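The structure under discussion is supplied below as structure tokens; questions concerning it will follow.
Letters A, B, C and D name the chains as they come in the text, with residue numbers starting at 1 for each one.
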Amino acid sequence: MTATMEFVRASRWYGPVIALNDVTTTVGPGVTGLLGPNGAGKSTFLKLAAGQLAPSQGEVRVLGKRAWGSPELFHRVGVCPEPDAFWEGLTGLQFLMALLRLTGFDDAECRRRADHALEQVALTEARDRKIGGYSKGMRQRIKMAQSLAHDPQVLLLDEPLSGMDPVNRRRVVDLVKKLGREGRTVLVSSHILHEVEAMTRRVLLIHNGRILAEGDVREIRDLMDEHPHTVALRARDPRALARAVVGSPHVLSLTFGAEGEWVTVQTARPDEFYSSVVDAAVEAGVSEMYSPDENLESVFKYLVAR
Amino acid sequence: MPIYEQTYRRYEARAPLRTVRFWPITREALRLILARRAFLGLLLVAWGQFLFRVIQVYVVTRLPEAGRVLPIDGRMFGQFLAIQTLFTLLLSIFGGAGLIANDLRTGAILVYLSRPLTRRDYVLGQLGVLLALNLSVTLVPGLLLYLIALALAPDQFAKWSLAWIGPAVVLHSLVTSLVMSLIALAVSSLSRSARVAGLGFFGLVFGLEILRGVLRALYDRPESALLSVQADLQSLGNALFGITDRAFQLPWAYPALVLTAVSLACLAILRARVRAVEIVR
Amino acid sequence: MTRSRLVVLGSTVVVAAGAMAALGALYLDPARAAVGPLPPQALSLPAGTRYVMGLDVKRFVASPLYTKYAAARTANRPQAFAELEEKTGLNPERDLDQVYIAGTQAGVPGRGGDALVVVTGRFDRAKVARAIETERKGVTSKNVSGTVVYLFDENSAGKGTGATAFLDDNTLVMGTQASVEQTVVARAKGEAPLRDNAALLALLEGVKPGSTFWMVGDKTLLSNMPKAIPGPGGPGTSQSIELPALKSLTVTGDLEPQVTLDITGEAADEPAAKNLADVVRGFVALASLQANQKPELKQLASAISVTTEASRVHVAARVPYEVIDSLQPKRASSAAPPNAP
Amino acid sequence: MSASPAASRVTPDSSPASAPSTDGRDVTRPVTFWRAARAVFDLSLEGMVWSRRSLLMVALLGGPALLSLAFRILLTRLPPRVGAFDFYGVVVAFYYVRNALPLAALFYATALIADEVEGRTITYLLTRPIQRVSVLAGKFAAYLVTTLALALPAVVITFFLLNTIRGWSGIGAIVPELFRDMGVMVLTLVVYGAFFTLMGVLLRRPVIPGLLFLFVWELLANAPGYLPRFTITAYLRSLIHHRPPDEGLAEIFAQVLPTALCLEAVGAMIVVFLAGAAWIFSQREYVLDQ
């Protein structure tokens, strides 16, 4: 996978505070989630990639060029900054047109691209209203629109879903996934795990300025065998199900849910457990089965807690 | 200082509510302002004249004939406070320009007004900040100077005929500080940027002063002095301390009237501008 | 077109209109053909002219200075003007516009100095001509390039002590016969010999427009000014202060609403200018030192300011009429200065 | 909570499937300086001219026009102590060049970048394919157009109101003064604008230092010797011909510097200040406090 972005031993500190500590990684095409709690170094990572900060040490390259001091990169890079800050007096259309002119397009091309971007984020009706009067979700979407209006090859999105209602959230997640499928490199930073989970499986986990883990969530999860997996099952007769599975050598512990329908099992070998429980599941009328800690939340909590 | 720049401490609303509710706003803002080194430097400079006056009193008590060059009587206090007015201008810009402007910009005003505080408490809290700053360079040094003068030259000052100096210093300091604070606060509420508010306040006070200078050069009529806030304050000071000055001959009632009108206008602006939500058309 | 651009466009229109109006005034202004305050007719003056003075009669008559002092002093003023008007049909206060005096050598005409006076205004030529011929004895006339020139006390050699002539209906010129005839000839041929005198023209351009009285001149204007002035010790003492030679002098003045005087002297170089400025400042200081006897002197002194610009010394005086009143010898001033604009 | 691991299909190891078409733009170089500066100019002019803060500047810069209207109307009832042309000199030299224009420059120029940083909209400008120097150039041009649009009409109106009291004759001779004054006002706005742009980029809080410079340091212009040459106002003042005679303190030591020296000094200051501001701005990192 050719790397669109490369961090080579990149560090960045603000006085005594180390924001990014000797990070070496690459980000290629497709959607990559940049995850970590507040103050983990996500924003610094993004700002280094967006050429807003120079690395105190090491090197950051985007599309083969040094990120800091290469403004021409922004022909092919789109940035959606985190602050909810706008020129409040401009309308949505004027805002996009002004920024597209700054990208070197002539007026006709600016208008075409602005309309297209507004369509992508479903803000066409509100284009002639002042941004000062937009709702929180609309402001977030117009900010998204300005980052992709010039058809960039690389997109850096800092907390794109913050403050959005479920309907808009769904719309932006689908848009990001579409951009990823088109082969663009999309780096989405967020501290809300299920947001990122909805867009991609490939993540970069950052904590205290270091990269804890990178790659597909499931691959990371499987690397941590010694940590027991949890499997939740909902059955018509949970007691019968319990009696059937408790004998299996893979079951470490078993607990009943409050409403009496749910049984939660701890197991060291999830795959073997799944195959051994199939017959018992049919007799006990299991209607639902999933692994709650296969998702990012638990992976993350587990890695951060270490 | 906007809320997001402060370190977060839980606000324990103790019951029952105290009558003076605005004090935490003033205390927090003052704590933040006093933490800035540049401000302490400005304060130090503002107290420079106080030292000069103390030396002046000391020299005149030791060498009475120096009194003819630098007389130490009631008028000295008037001149002292007139110069300190310039420092209230700088302090109001430095400390006060962003008081309301930053809260309007960052939306921190919502946080204040979602506490058990009325808008009046909020304005009083912010006004308290400016009053404290301005009084610290007018009333405090003024009274201190009077006490030192009493101590160093009791024969000169410890007389009933000069007993009016103390109250005059208090009155003039209060008027100067209140007027400057109200104007600075009103201008601060008219903008969302501390810099614009600071320069707007300076432009207003100094612009009127230039206009007065031009009108005086043009028509040489005493009424032109009413136009400038600084000139009004100086007229009051001259009347209070018995200073005769050709530029300010009007009876003190006129400047007092103008200053009252200006203060009421500022309160009206504050009432209109300090609100939680700004309607964007 | 957003509102911001409308504001910018509006401003541009106002500035452009202002500039057009200004340029229009600059090129269409009748006085434009002239040089500084001099009318076009005065350009017929001889090229050798070394100094020119001018008085705007209209403004002078309307000024507080004239109405208060000149009028009050000459008790028989009205009667003298009535006589003149009756003979020549000319009332100076009403008919005269400008009076210019030009010449090659300062001083009284005939005794080393010569002067040519040009008067513009509205004349009844016939009545004035008859008055010239009948009132004075020994007045003869001769025709020079189609213009009648009147000679006074023409001697046998055909030389008169003075001459006068009408350059046109509104311009009367008086002076020595040679200069009057030279001017009449130049006027008839439509020449402007004065334009050849570049130095004088440069000085004329520097005259502040609309001044009530003005004067420009080069060295000759100052030729018989004292070369040195007594030292501070008083005239008796031997010590004296050498006055640096001035290359040129420009004086402009106004009489309303206060007596305004602007004198600019061009010294040989910058040090000379500074030296002269200090001398003048010395005088001003001297005057204010004697202020305790006369407080008006202090006000007068404070009204004078001296500045230097490269080799030029600029002395500016702004004397309100109250100061002039207080300088007057104590007697009831008859009329308060009217509030004329 | 059901977690549906919607694995996103990571494209295989190849260059980005459809590298977005570059539609004729040269993506290897930033947008040309002039085009970028023009775009920044258009964007900045919007918020600068038509804004609440401009109301204060309209009052400050438009004031003399009203004053001269009053001067003309009240002429008979309130006789002035100064002649009309002298008053015009006071307005240009004392009001505008010494006080109002530097204050307008301080008001706008320190905010050119600080406004964007304080409003946290700087990121939009710094994530465009344009050089930072063109951002500064565009904003400086917007500042100049805004202040000139407010100041020049006022001085033209003041000139005509004051100098046509005795009718239009004789005004032709002083017209060159008007054009010279307008030129000096433009120079004033450019040189002070450049200086305060540098201060705005250099200092986090430029207002108090700016005021101290204008109303304390610049008093050196009235000092004797070489001191005036360390100020800006001394050069500008010397460029105005019809300076009012009595300038208070200046009266004693008033020095008029030669025109050539003034133009060279002002030109050099403009270049140095703007170059300094551009260099600092392009090196600075803007860590917007979250």
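Here is the rule we go by: a contact is a pair of C-beta atoms (placed from the backbone, for glycine too) under 8 Å apart; a residue touches a chain by one contact, two chains touch by 3 or more.
Note that the coordinates shown come from a computational prediction; the quantities given were computed from them, not determined experimentally.
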Subject >> Greatest separation from chain A - chain, by CA centre >> reply: C
Original post:
Which chain pair shares more contacting C-beta pairs: B-D, or C-D?
Top reply: C-D
**OP:** Work out per-chain C-alpha centres and flag the one nearest the whole-protein C-alpha centre.
**Re:** D
**OP:** Between chain B and chain D, tell me the centre distance in angstrom, where each centre is the average of that chain's C-alpha atoms.
**Re:** 30
Original post:
How many angstrom lie between the CA centroids of chain A and chain B, rounded to a whole number?
Top reply: 53
Original post:
For chain C and chain D, what's the span in angstrom between their mean Cα positions?
Top reply: 43
Original post:
Approximately how many whole Å separate the CA-defined centres of chain B and chain C?
Top reply: 56
Original post:
Hey, what residues on chain D touch two or more of the other chains?
Top reply: 46, 80-82, 119
Original post:
Can you list the residues on chain D that touch chain A in the complex?
Top reply: 1-3, 5-23, 25, 27-31, 35-36, 39-40, 42-43, 46-47, 51, 119-121, 123-132, 285-288, 290
**OP:** Enumerate the contact residues on chain B facing chain D in the complex.
**Re:** 4-5, 38, 42, 90, 93-94, 97, 105, 190-191, 193, 195-196, 198-200, 202-204, 206-207, 210-211, 213-215, 217-221
**OP:** Spell out the residues on chain D that touch chain B in their complex, using ranges where they run on.
**Re:** 52-53, 56, 59-60, 63, 67, 71, 78, 80-82, 87, 90-91, 94-95, 99-100, 103, 106-107, 110-111, 114-115, 118-119, 205-208, 211, 215, 289
Original post:
Where on chain C is chain D touching in the complex?
Top reply: 2-5, 7-8, 10-12, 14-15, 18-19, 21-23, 25-32, 36-37, 208-210, 254, 256-258, 260, 262, 303, 305, 307-310, 314, 316-318, 320, 339, 341
Subject >> Residues of chain D touching chain C in the complex >> reply: 45-46, 48-50, 75-76, 79-83, 85-86, 145-146, 148-150, 152-153, 156-157, 159-160, 165-166, 168-176, 178-179, 182, 238, 242, 245-246, 251, 254-256, 258
